[in-house]
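Worksheet for the structure shown next.
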Amino acid sequence: MPGNTFGHLLRLTTFGESHGLSIGGIVDGVPPGLELCEKDLQRELDLRKPGQGSTSTARKEADLVHIQSGLFQGKTTGTPIAFLIENTNQQSSDYDELARVFRPGHADFTYHTKYHGFRDYRGGGRASGRETAARVAAGAIAAKILAQISVEIFAASVEFGGIGIDNEFVDLAGALARPYFAASDSVISRWDQAVQKARENHDTLGGIVQIEANNVPAGLGEPVFDKISAMLGHGLLSVGAVKGVEFGDGFQAARSTGSANNDLLLAPKSAGALPGFATNHAGGMLGGITTGQSIIARVAVKPIASVPRPQQTVDLDGHPCQITIGGRHDLSAIPRIVPVLRAMTALVLADAWLMQNSLG
Amino acid sequence: MPGNTFGHLLRLTTFGESHGLSIGGIVDGVPPGLELCEKDLQRELDLRKPGQGSTSTARKEADLVHIQSGLFQGKTTGTPIAFLIENTNQQSSDYDELARVFRPGHADFTYHTKYHGFRDYRGGGRASGRETAARVAAGAIAAKILAQISVEIFAASVEFGGIGIDNEFVDLAGALARPYFAASDSVISRWDQAVQKARENHDTLGGIVQIEANNVPAGLGEPVFDKISAMLGHGLLSVGAVKGVEFGDGFQAARSTGSANNDLLLAPKSAGALPGFATNHAGGMLGGITTGQSIIARVAVKPIASVPRPQQTVDLDGHPCQITIGGRHDLSAIPRIVPVLRAMTALVLADAWLMQNSLG
Amino acid sequence: MPGNTFGHLLRLTTFGESHGLSIGGIVDGVPPGLELCEKDLQRELDLRKPGQGSTSTARKEADLVHIQSGLFQGKTTGTPIAFLIENTNQQSSDYDELARVFRPGHADFTYHTKYHGFRDYRGGGRASGRETAARVAAGAIAAKILAQISVEIFAASVEFGGIGIDNEFVDLAGALARPYFAASDSVISRWDQAVQKARENHDTLGGIVQIEANNVPAGLGEPVFDKISAMLGHGLLSVGAVKGVEFGDGFQAARSTGSANNDLLLAPKSAGALPGFATNHAGGMLGGITTGQSIIARVAVKPIASVPRPQQTVDLDGHPCQITIGGRHDLSAIPRIVPVLRAMTALVLADAWLMQNSLG
Amino acid sequence: MPGNTFGHLLRLTTFGESHGLSIGGIVDGVPPGLELCEKDLQRELDLRKPGQGSTSTARKEADLVHIQSGLFQGKTTGTPIAFLIENTNQQSSDYDELARVFRPGHADFTYHTKYHGFRDYRGGGRASGRETAARVAAGAIAAKILAQISVEIFAASVEFGGIGIDNEFVDLAGALARPYFAASDSVISRWDQAVQKARENHDTLGGIVQIEANNVPAGLGEPVFDKISAMLGHGLLSVGAVKGVEFGDGFQAARSTGSANNDLLLAPKSAGALPGFATNHAGGMLGGITTGQSIIARVAVKPIASVPRPQQTVDLDGHPCQITIGGRHDLSAIPRIVPVLRAMTALVLADAWLMQNSLG
């Protein structure tokens, strides 16, 4: 309830500040008998790790994950899986100035107000993007649950610095091998130029991430308030820097007509199978319940707030001042946010699947 | 957990199918001492009532609300407020065909699959838009809670049938007096033409609704997973027909730069007041916590799935067939969805305020 | 969260005051395809109905239940089941005095304090035992879920007015046919005398109820905090007038030794069956998880607080005064509390079973 | 929901097995600005530490707690407080036999069944009493919250091995300084003899713990299902070995009469103060809401299941066999359970207080 727990039957509770001893979490509700090891989590964490790629911070964190519980002889036991990631490369002195000045675009002011002035200002404290590492580790566990029913989740950058990829060229499956976790090779050089230009302008960039979940069984999601879109939306919008989410044709659907937007049903491909669909404008859900088609979502990611130039702001006393943000910051949340969004998608779908299982 | 409850400290649980005896809900967690009467709920329900305006169904429902509990001598007592709305104008025979055929774009197939074939097919059953009346009634209660701290929530249609309203002309406050709950008079005649054309084409339309909440105190929303954006997103995406949601500049923010997108902080206007902001690209939130600026959201609404023309589909046995949907249907969820989205916003903000109160 | 909802996957939310229009509730999470009708609920409600037996109030309520939703063609659909029970026999004038005086042993003072003076004082308002009718109706639904796996729940009075039934004579199965829902015929005449004497003394009585659930599958209950004992304890202690609960040997176990208290395991009776136990000191649970043995609980019920004689108390202003409670009151919560406790047991066990199902 | 989280606004989620790397937990919802350090937790943990007193295991654990997050400059920040306690003194080889044999009175069989055979059998795994260390650490945080409003919680052993302390001699405040955390010096020698005798008999003992919370504000607890008794009962019954709980006169109240059991209200001691009560049979609650009087609870603790003698049981295949439990075990959960029960009481009361705060 106080906001650091996510999910119903599969529940993630996280902790940790950017410059504390460690960050981590507890995943409760993992079914027993699942093969799992630290490497499963580490592989995903490595995708999110800082210090890689042209948009990333110079802060290097090994981000080694240590599982504390819930495994025995290489398998889950149904009990909570706790994991820790130590904060090894803190340079808190970078942040001394932040004790008294609110950075524009950051949560400094809102946390200060919410928590009556008690705030770990170092690196954004709890509001730092660093907390998303715990989501990624937990998402890896959720992905293992989903792998049992062959659900696969892909995510990739489909737009960066305003430069998008045409839908026909989008290849999510190959994205992890590309710079920016891009959905196509065709944009890489233009995105490189955008990075170059942003660096010259002492500025930062945003983008759009597309997510696709395949082989999702029909019937997941709960009416009325916990539609799969609502739960996914909750999860994706809870990631810092996310300013919008849409499913299927999303905002374009608002401009379509019913006859064009409806996905017509087709006869099952084989006896006993579920019906198919002629199109997937809906993004894999009807009435908030999955159809068996691929779930498709797109997420808007704002530019990083830590722009390396002087900005106007106020201090704790409300006095106007300028701030020039030091520290080590990414130029964009793209691509490091990609595995985070994938993790949130996995957490929601695994949770929805366990919920549906309870019906027998 | 099974999806018919929404909220943490202010909780709405709803029930009811399109063609059952009644629909309604229970609102738990309303603070004591609030002046409240049925008229407060009825006024909002009347805005959503079918049978009004050019896009609405011919089904007429008085939608009279009856409060059962939680009030004494005109005031709330802190105990649950239950309310009922009778279904008076059911024409179930309209729906006989639906027992065996899945309507495209509807939840028929997904509910059938989720609930193992047990389904009230009349008028969409639980998946009918009719359930949103309970949200509107509850939202009126939430709005009364928020009125104590002067929070006002406006919502209006800013795009319909692909015809949008330029941002500079958007006037949310006057929307309820206009057809389509439009944000501007300037588009009415073109929207009328779009309706005319859609009727001629036996088709339906969608649109975009903008929401603005003013006077929201700074500090609402919970890190990490229950950011105000995540909770609002959850609530708004849980409304049928909603395919996307964005906050502040939303998807446009993804194309901006950090220097342009950051809202610079300004000195407080008076001693003791909170700092102000030069702009509101963020839509009233930073790090998922409200800033004290207006919360701004935009919601994509798909076209109504019940297009009045033959459509290809399958029956329960998976056999291809055609369906021509009879019954009485809206041409668009615009504008009846507007008070529903306003209600969900009120429920989330009132809940977030109670949560923040608990910190003392 | 504000306390009027119970359960995880099977959730009951109730509403209603003693002298409001109606009381009722919503049961969410009932699996689809279950045969259910109003009679199933009414049968249980009739067991709790006032105006029956020597200890009961003269207030007569038909307590007719009306199901509003969630059923179609005689079966559950997986959507919420709402039900209403009208308050038909209110004599609010009986309670005028209570507007300004706190009755000893009642919640008048605590509700007044909790809700800042806003309180429906008529008949105890929300704190009236009348709210338990909603529990009984919901418990009947839970019992139907459990009947699918042959779980049967019995409850009976095993002590009344200090006169107990020896363990060897306890017959829970036949209790509903006996006065006081007594666990044995042998005590009826002595209990009658106790009633007679209490009436002469203008006093009221309490007792102890024993509950037994048979055929409960092994494996229900959740570590660590939601042990089956904890969930049952929560449910049973949430019933007004309950002052204690114990499982198996309960408080006697505290006086035993490990060697005497341990239930030794026995070989399964047939191949593939679960092991048996030589005894059942534990009351059907180990480590908070069900063993497959019968669950056994005992519940302490305090005497009715509305004693028909003058009592010392204070008024709203804190001035000492006397109160002589009028109105129509039971002489004991025994036996009307028996179906209520049975209902709570059913709700907990059905919920725990759905939880376990989610593991696959 | 899967059972490893406790509380509403103050939430504890725990993890860890007896022989894993560590145990620990996350406390979410702690208000900001509270002075807190590891010593506050350690002091309570030291009371529960094994290897002290005549009834305790020979297993020695330093049980040093390490706080990972949520503190800054010695104060809470409102963000989750995670803490770890390493398992340093594991002798897993002691438990090899347990891989295939179910110990009587333990959760071996039920966990095996619940979790489909996947189980960390070393030292009871998750079902070990060792998990209660996390409760104690969290309870220390809750106690700090409560200290702000002067709530003090005492707990003591009032019965051990069947030898009780007369109510008139009960002194809870001095218990922590006595062996067995006894409520009186008068029983110590007899309890010593009981230990001696139990050791000779290769047997184990149980007892009863009394809890008292003073200065609890009136108005805490939520109707209808989350009465303070229900929430306390849930928390106390969730502790392993607890078989019963009662409030105020508890099971004795069932034998009383209304006129004797009612606590008459008295005029406030000073203007503006709340009314007082002539007695406290109710244990500090009416209608499930606190009265401002002391909360009094008594908890039945069963004898330790690990009796050091051969016992009859079955193995994984259902074959009868004998087991003689090795390892290092307490002779009684008394007194180490005392700080655990105190911790659970603190968690519930602090949660209830935050809930009440949300009403404004």
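Quick notes
Order as written gives the chain letters A, B, C and D; numbering starts at 1 within each chain.
Here, a contact is a pair of C-beta atoms (placed from the backbone, for glycine too) under 8 Å apart; a residue touches a chain by one contact, two chains touch by 3 or more.
As the structure is a computational prediction, the values presented were derived from the model and not from experiment.
By count of C-beta pairs in contact, A-D exceeds the other of the chain pairs B-D and A-D. With centres computed as the average of Cα coordinates, no chain lies farther from chain D than B.
Spacing of chain A relative to chain D, judged by their CA centroids, is 38 angstrom. For the pair chain B and chain D, the distance between mean C-alpha positions equals 45 Å. Shared interface positions of chain B, defined as residues touching 2 or more other chains, are 1-5, 8-9, 14, 32, 78-79, 114-116, 126, 223, 355, 359.
Interface residues of chain A facing chain C in the complex, by the touch rule stated above, are 1, 9, 31-32, 78-79, 223, 354-355, 357-360.
Only residues 1-6, 8, 12, 14, 102, 104-107, 109-111, 113-116, 124, 126-127, 131, 159, 161-162, 198, 201-208, 218-227, 229-238, 240, 242-251, 253-259, 261-268, 273-275, 278, 282-283, 285-292, 300-307, 309, 311-314, 318-320, 355-356, 359 of chain A touch chain B when the two sit together in their complex. Taken together, the chain C residues at the contact with chain B in this complex read 1-5, 8-11, 13-17, 20-26, 28-29, 32-33, 66-70, 72, 75-82, 84, 114-120, 125-126.
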